Amino acid sequence: MSALETRTDAQAAIAAATRPRRWGFWYVAEHRFRVMRSYTGTVVVAGIGSPVLYLYALGVGLATIVDASGTTIGGVSYLVFVAPALLASAGITAATEEFSYPVFLGYKWNPTFTGIHSSPITPHQIVDGVIVSVVVRLTVNMVLFYLLMLVFGAVPSATGFLAILAGLLGGLAFGTMLMSYTSTLEDDTGQIAMVMRFIVLPMTLFSGTFFPLAQFPLWLQWIGWISPLWHSTELARVATYGYAEPVWLTAVHVLVLVGLAVFGWVLSRRIAVRRLEK
Amino acid sequence: MSAPVRQESLSSAPGRRGVGSLYAGNARSVMLRGWEATRSTNWLVILSGLFEPVFYLLALGVGLGALVGRVTTTTGEQVSYAAFIAPALLAVAAMNGAVYDSTWNVFFKMRFARLYEGMLSTSLGPLDVATGEILLALARGALYAIGFLIVMQVLGLNLSWWALLALPAVLMIAFGFASVGMAVTSYMKTFQQMDWITFLMLPMFLFSATFYPLSVYPEWIQHVIQALPLWHGVEIVRALTTGAVDVGILWHGLYYAVMIVLGLVFTTRRLRVLFLD
Amino acid sequence: MPEPVIVARDLVKTYGELSAVDGISFEVAAGESFGLLGPNGAGKSTTMRMVGAVSTRTSGELSILGLDPDGSGPEIRSQLGVVPQADNLDTELRVRENLLVYGRYFGLPRRQVAARADELLAFAQLEDKGKAKVDALSGGMKRRLTIARALINDPRILLLDEPTTGLDPQARHVLWDRLFRLKEQGTTLLLTRHYMDEAEQLCDRLVVVDKGVIMAEGTPAELIRRYSTREVLEVRFGSDRNAAVAEQLHGIGERVEVLPDRILVYTDSGEADLVRITEAGLRPVTSLVRRSSLEDVFLRLTGRSLIE
């Protein structure tokens, strides 16, 4: 054997890596889909069940006493007001599920990411693949939610379907940021539970979800402004009932959400390289 | 529950078929372990549990309260929206804490951490473990309840001296959910099955007159909700903190008494099958 | 000498102040079985990770199949099979699914992966476990599945980090048998052990690593010839007397080594030396004559035992 042999070795390696280099992220997504398949039941039942429950409890139940008190919010019924917020909130919830424990699991308890990295797949592709798989799952969730909103008669505007994008964007904005945090965890001694309690829950409650942000004193309104949920909720409201806000503000919502999503994505990629290639 | 469960297993433990074979009277040591584990690792998480109902109360009481105005309770009282939801949030917190402690926590220890196997290889019986876990959950529940009642007091949402009795009432609610939760968990095999518990709690949380009176629903939905445990808990606590107490409260109490007994009966029976047969 | 598939020159890896690998050089030829022997923390796993193109070297040269891991990681990894020290199978998937998913990572078409997965399940003697959950497998089965997974892409080089740690003798036997078959088929093997036992027979050549540097290199037989004697006589006098008795063993064997629990006499004839010891009036509690092993080589080179 000679140097010629080595060259063909290298050539064979270069040929073998072309597909993984291009499609690696999709192989990771395929892997995630296979894992998700084991809990399809929960995803579907919760994906239909919880929108129905929330829409009925708040959009119908709570709406009875809100509407009875004579208050209207921006000229629409409480159902129309709260439904897009519930959709946006469902987007955040689903993204939280997928970007918290599953990510921590992949690095630590069930270290599949290490295993994947031993194949031609790069850390960047692992992060991309996880995000792609969540985008698919979130889209399913958001479409289901939107269809149920139609059933409840909560979408007066013809542009309502754009709320699906708003929910998706909100989920990703928060989700990728969360992923960059859970990627750094060496051990879970309750950090994820704390995130749920001190970030996700207050965000849900203080983001103009169940009542307009303006009900709060100014010193509490900032919670809404920095909250991805508020931005995505307001966007969804513009889409479903033409909620009147200046165009620049709508642009700000989009920019903030896209900005956060990209920031979280880039950060998660960096952390993945640092953690898997040390 | 001292009757032999199955004929063929009689020979394996002659004369030890009573509760005695399950209970060594040492639930204390199980509680002590739980307390030590809590103190050393996640006390902050435990403490943070108090904030959950407070967040709800502040956000909804202030923000939604302005939209809703005053609300009429079952007994016809007109109260502020915050005073209406506060007792419900307290009952919900009792349910959530007790269910978490008796389901996820127990399930994890049973199936994954194999903690109970270690405990049961000592002189402890399964009933010591079960009682210890339930008591620990109640102690934690009491901590949250006291904290939340203080917050209510500060915000002026305790409208009567009866509110003092809300503490034992909350413990009773927690006990009911914990004992049923543990019985249910002992039948569970996978995480996926456990997810259903969470999913069943959502409608109870949303519909049990928590955020608005039951009267907004059609009658048949009202009946379904009245059959579920959380509604009874909400009614008891709301009656106490708003001071609208009447004899009817005893019926709600009876509901919980039955729940506690049934839960314990099934837990004991199931533990015997799991660990002794 | 055929063109090497792995070339490492002055390989260094530092984590902050700590240097895990401190200037290691070696070459592995195609089809060769090459071993890294050393205690835990010697830098073996770090070396393996660098060769596996998942850890960036701090300095030095490294070439795998003529490619540099810096920049050609995916290309190199497409030709490797990796069996890590701790199994990292996906416990959320079933046995066969683990192979299917992994095969896709190499860009292989689904049908090809499916066929290969079935072959490998047979190779790993897991045919009837395809639908089982990973957690339901025994330690030995998991290890075999990890090896099967590492073979899904028909790798040129197989990296095995402590392949048999934690397995019972039966499971180890099956595993070594599978590795011998791969060696026969011409797969290049790079493996680490902190304890050489059966691996002595599997390795054509090996390096002894300690504290991030190479202490010696050669075939197992060469190393034993160079650093040890043909036989070793192990005698025990009880832990409190070993040191004192060793003083009286001067002149017996080529060299005497005192361990806490026994005395090792390096010699060409253990039996003859045992006779001399007993003739000197010393009565060992137990005695054993065995052939020299790499364990002895390591002891000689570092003054420490491989297994604590």
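The first chain written gets the first letter, and so on, giving A, B and C; residue counts start at 1 in each chain.
Definition applied: a contact is a pair of C-beta atoms (placed from the backbone, for glycine too) under 8 Å apart; a residue touches a chain by one contact, two chains touch by 3 or more.
Protein names from UniProt, one per chain: A = Transport permease protein; C = ATP-binding cassette domain-containing protein.
These numbers were taken from a predicted model, which means no experiment stands behind them.
Visitor: So with touch defined the way it is at the top, what topology do the chains form here? Options are line, ring, star, complete, other.
Guide: Graph shape here is a line: each chain touches the next, no loop.
Visitor: More C-beta contacts across A-C or across A-B?
Guide: A-C
Visitor: Using mean CA coordinates as chain centres, what's the chain B-chain C distance in Å?
Guide: The answer is 54 Å.
Visitor: Roughly how many whole angstrom separate the Cα centroids of chain A and chain C?
Guide: Here the centre of chain C sits 45 Å away from the centre of chain A.
Visitor: How many angstrom lie between the centres of chain A and chain B, each centre taken as the mean Cα position?
Guide: Roughly 32 Å, centre to centre.
Visitor: Got the chain C residues that touch at least 2 other chains?
Guide: Residues: none.
Visitor: Check each residue of chain A and list the ones that touch at least two other chains.
Guide: If we look for residues of chain A contacting two or more partner chains, we find 38.
Visitor: Once bound in the complex, which stretches of chain B touch chain A?
Guide: Checking each residue of chain B against chain A gives 41-42, 44-45, 48-49, 51-52, 55-56, 58-60, 62-64, 66-69, 71, 192, 195-196, 199, 202-203, 206-207, 211-213, 216-217.
Visitor: Applying the document's contact rule, which stretches of chain A touch chain B when the two form their complex?
Guide: Residue list for chain A touching chain B: 38-39, 41-42, 45-46, 49-50, 53-54, 57-58, 60-62, 64-66, 69, 71, 73, 189-190, 193-194, 197-198, 201-202, 205-206, 210-211, 215-216.
Visitor: Name, in rising order, each residue of chain A that touches chain C in their complex.
Guide: Residues of chain A touching chain C: 1-3, 5-7, 9-10, 12-14, 16-21, 23-24, 27, 30-31, 34-35, 38, 110-112, 114-122, 276-278.
Visitor: Taking the complex as given, what residues does chain C use to touch chain A?
Guide: Per the stated touch rule, the residues are 2-3, 5, 15, 30, 52, 54-56, 65-67, 72-80, 82, 84, 86, 88-93, 97, 101-102, 104-107, 149, 153, 156.
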